[in-house]
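Input: structures, listed below.
In what comes next, subunit A is part of two complexes: it sits with subunit B in the first one and with subunit C in the second one.
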Partner chain A sequence: MSAVSTRPAARVGIGGPVGSGKTALVERLIPALMRRGVDLAVITNDLVTAEDAERVRRSGLIDPARVAAVEAGACPHTVIREDPTLNIEAAAALERQFPGVELILLESGGDNLASTFSRDLTDFWMFVIDVAGGDDIPRKRGPGVIRSDLLVVNKVDLAPYVGVDLPRMLAEARAVRGGRPVLTTNCRTGEGVDAIVQQLEREVLFRQ
Partner chain B sequence: MLRLHGIVGRADDAELHQRLHALEHAGALERVTMEEADLGRRRIRLTSDKGTDCAISVDRAEDLSEGAVLLLEPGRAIVLRVGVAKAWRLRARDAGAALQLGWHAGNLHWRVRFDGDMLLVLLDGPLAEYRARLAALLDAGLVEDGGDG
Partner chain C sequence: MADAAALLLALQFADSAFPAGGFAFSWGLEGLVADGLVTDADDVADVVAQQLTLRWQSMDRVLLVRAHAANDAATQVAVDRLAEAVTFSAPMRAGSRRAGRALLGVCARLGLPAATAYQALAADDARLGHLAVVQGIVYRAAGMTCPMAELVSGWSLISGFSSAAVRLGVIGHVEALRITTALRAALADLLAAPARPAELPASFTPLADIAVMRNHRRDLRMFAT
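After this line comes the complex of A and B, so read on.
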């Protein structure tokens, strides 16, 4: 790969409600991307701790130095939309420290259905919801569900236990998204993660 | 996939303008259109009006904006167009109404521009959904609805 094709590093946002599986998805994406030789770094956002960063560092999946933490101190959306300076600085610092980095994943703190990423911060962002949150979530038309570049519906394994009609949930999600993609995952098993990697390879890594 | 990195010029640059004009006559000018909502991205995949699959990037210090020339060769050029956002035009009846309107627009995280005494709300979705949020102010006549035309 020539330098020109990897610069600037793609910045990919991962947002979504509390507990939908954002960190679990990061933990699945790291090995899947590394297997394909993608030079990677991660930024996590938490309220007043570095909890998710510590979890990813301890995971053994990635050099802990490649995991940076941003503490929002306030509502998580403030640092990914209103003033993303802290995250932009964290990404720039990772790029300086690891000049070959091709992709930086930025996990937002768990927020609500209205949270969105500023384009100043990310080239592409996904919104992670989960079936246990209820199959009416897409119908509620939150900006995250509608405007994200990719909607991920996680925890598909739980659908039978929480009485969720998954095909209907997906149809309604597609209906409100005007043709933009919707993918499903089970981050407990890794099912569906490859399709997300392919999406990233096409849309921002330009590998296919 | 055609890999394009960096901006080689501006379409409104006088000298470049002529070259692009000549290329257009020869049918060798291609345009890629980026939606206004994508402004700010430094990496994006777009298909040109002639069907070329373009993988576009610029350095963080550069901006993808209207008229950026992405490719300039003797027999071919590619120019970026940026779609224009629809804007909903609003005027508040008095200072009190303007305070309320400003509070709502901020609270709703709307993207806004200012044009004299008008507030312009950039629309990322159907106008009806925006109107519904200000129904109380509009119905009370505190804010004049200038439409998105």
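After this line comes the complex of A and C, so read on.
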């Protein structure tokens, strides 16, 4: 018997459209969580290459053995929602390999506004959009925007350059989400990342 | 009509929507396409027919029938060790175990005691969990007769390949239907003769095996195998 006495790691999903900054956020979350002593592992669902997994492994931020890549067979939705079994097995394997791991970040492959994580896979999931994708994204009410536990609006630094009215975009996001959390980040500088970490500490690590 | 409950059980497990990770495996097809060895519907039909007759029939089916008949853990493990020994390449073994463990995992969550028990064994032994063996164990636990388990396994192979071929862009949905229709008949012919579990499991699909080995190291790939 594998006698793992610790409690299972929290699974946290990170979804969102292509290029919105999911990996950039992972790269910011890793050091921020580690500074708080959180025992971490990462799973990426790369679509065609192992680029994101390799990028995180080479980042020097985390032991490369703690980064697993799960192939999606060209089905980024399926592997996190309809059939998350391969991700579930990958998370279980990381737990076996690193007893005591407290949190597993799961980056979805870049997808579209309809992508959502299965509750059987994740305890908490966030959806990352960026201002450069347009301020009409929240209004379009994609299931990712609406149903995620946390909506992250990234690349706020770009708002002035792409003609986005950020306050209005955020107000609309909060409205379509019925007031559930919306946070902003600039993953180039790390601005806003602490607020996400605090949210995770409260919601999934039960530290506060 | 055959027993509706038995048919529905088979349909459920053979459904491409059955959540056991099958969609992420192309078993060499992706590599064959990348190397230009599979370019059209005829090529896909050839590959799947070969997989069915020169791999599934002579290897997977034998392993599945032995695992289905196994009445204790030691026998199940012995079949799994055999699967490990007769699977030619490391990436193929890894793929077979990943697919098998996904099926085992979901069946354990479904509450099948045999799946839970075997999952506990596999958790401590990285070499256990080959797909055909797990199919034999969990299909039996779910209530399938051995012939029905063989049918579900064979059909999963055919539908998995054709679906991967569609996603790889080599065939369209109608060609996929033509291929699965033709291979349905081929599978029915194979199933008409009893399995031969006493034979040593063996396969001869060198091109696909090499493709799996090569694909493993490729930068551009969407599938686990």
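Going forward, the second predicted complex is superposed on the first by the 202 of 208 C-alpha atoms of A that agree within 3 Å, B and C clash if a C-alpha of one lies under 4 Å from a C-alpha of the other, contacts with A are read in each partner's own complex, and residues count from 1 in each chain.
Keep this in mind: a contact is a pair of C-beta atoms (placed from the backbone, for glycine too) under 8 Å apart; a residue touches a chain by one contact, two chains touch by 3 or more.
Fair warning: this is a prediction, and the values are worked out from it, not measured in the lab.
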**OP:** Check subunit A with both subunit B and subunit C modelled on it and let me know: fit or clash.
**Re:** fit
**OP:** Could you look at A:Val48 and tell me whether it touches subunit B, subunit C, both or neither (first, second, both, neither)?
**Re:** second
**OP:** Could you tell me if A:Val128 is touching subunit B, subunit C, both of them or neither one (first, second, both, neither)?
**Re:** neither
Original post:
Touching A:Ala74 in the superposition: subunit B (first), subunit C (second), both, neither?
Top reply: second
Original post:
Is A:Val204 contacted by the first partner subunit B, the second partner subunit C, both or neither?
Top reply: first
**OP:** Could you look at A:Val56 and tell me whether it touches subunit B, subunit C, both or neither (first, second, both, neither)?
**Re:** neither
Original post:
Should A:Pro8 be classified as contacting the first partner (subunit B), the second (subunit C), both, or neither?
Top reply: first
Subject >> Vertex subunit A; arms to subunit B and subunit C (CA centroids, nearest 10 degrees) >> reply: 70
Original post:
Rounded to the nearest angstrom, what is the minimum C-alpha distance from subunit B to subunit C in the superposition?
Top reply: 7
Original post:
Touching subunit B and also subunit C: which subunit A residues?
Top reply: 82, 92, 120
Original post:
Mind pulling up the subunit C residues that touch subunit A in the complex?
Top reply: 17, 19-21, 23-26, 98, 101-103, 105-106, 109, 120, 123-124, 164, 167-168, 219-224
Subject >> Parts of subunit A lying in touch with subunit C, wherever the complex brings them together >> reply: 1-2, 47-50, 70-75, 78-79, 82-86, 88-89, 92, 96, 120
Subject >> Touch list for subunit A against partner subunit B, complex >> reply: 4-5, 7-8, 10-11, 77, 81-82, 92, 114, 116, 118-120, 122-124, 143, 146-147, 202-204, 206, 208
Original post:
For subunit B, which residues count as touching subunit A in their complex?
Top reply: 1, 3, 5, 37-45, 55, 57-60, 109, 124-125
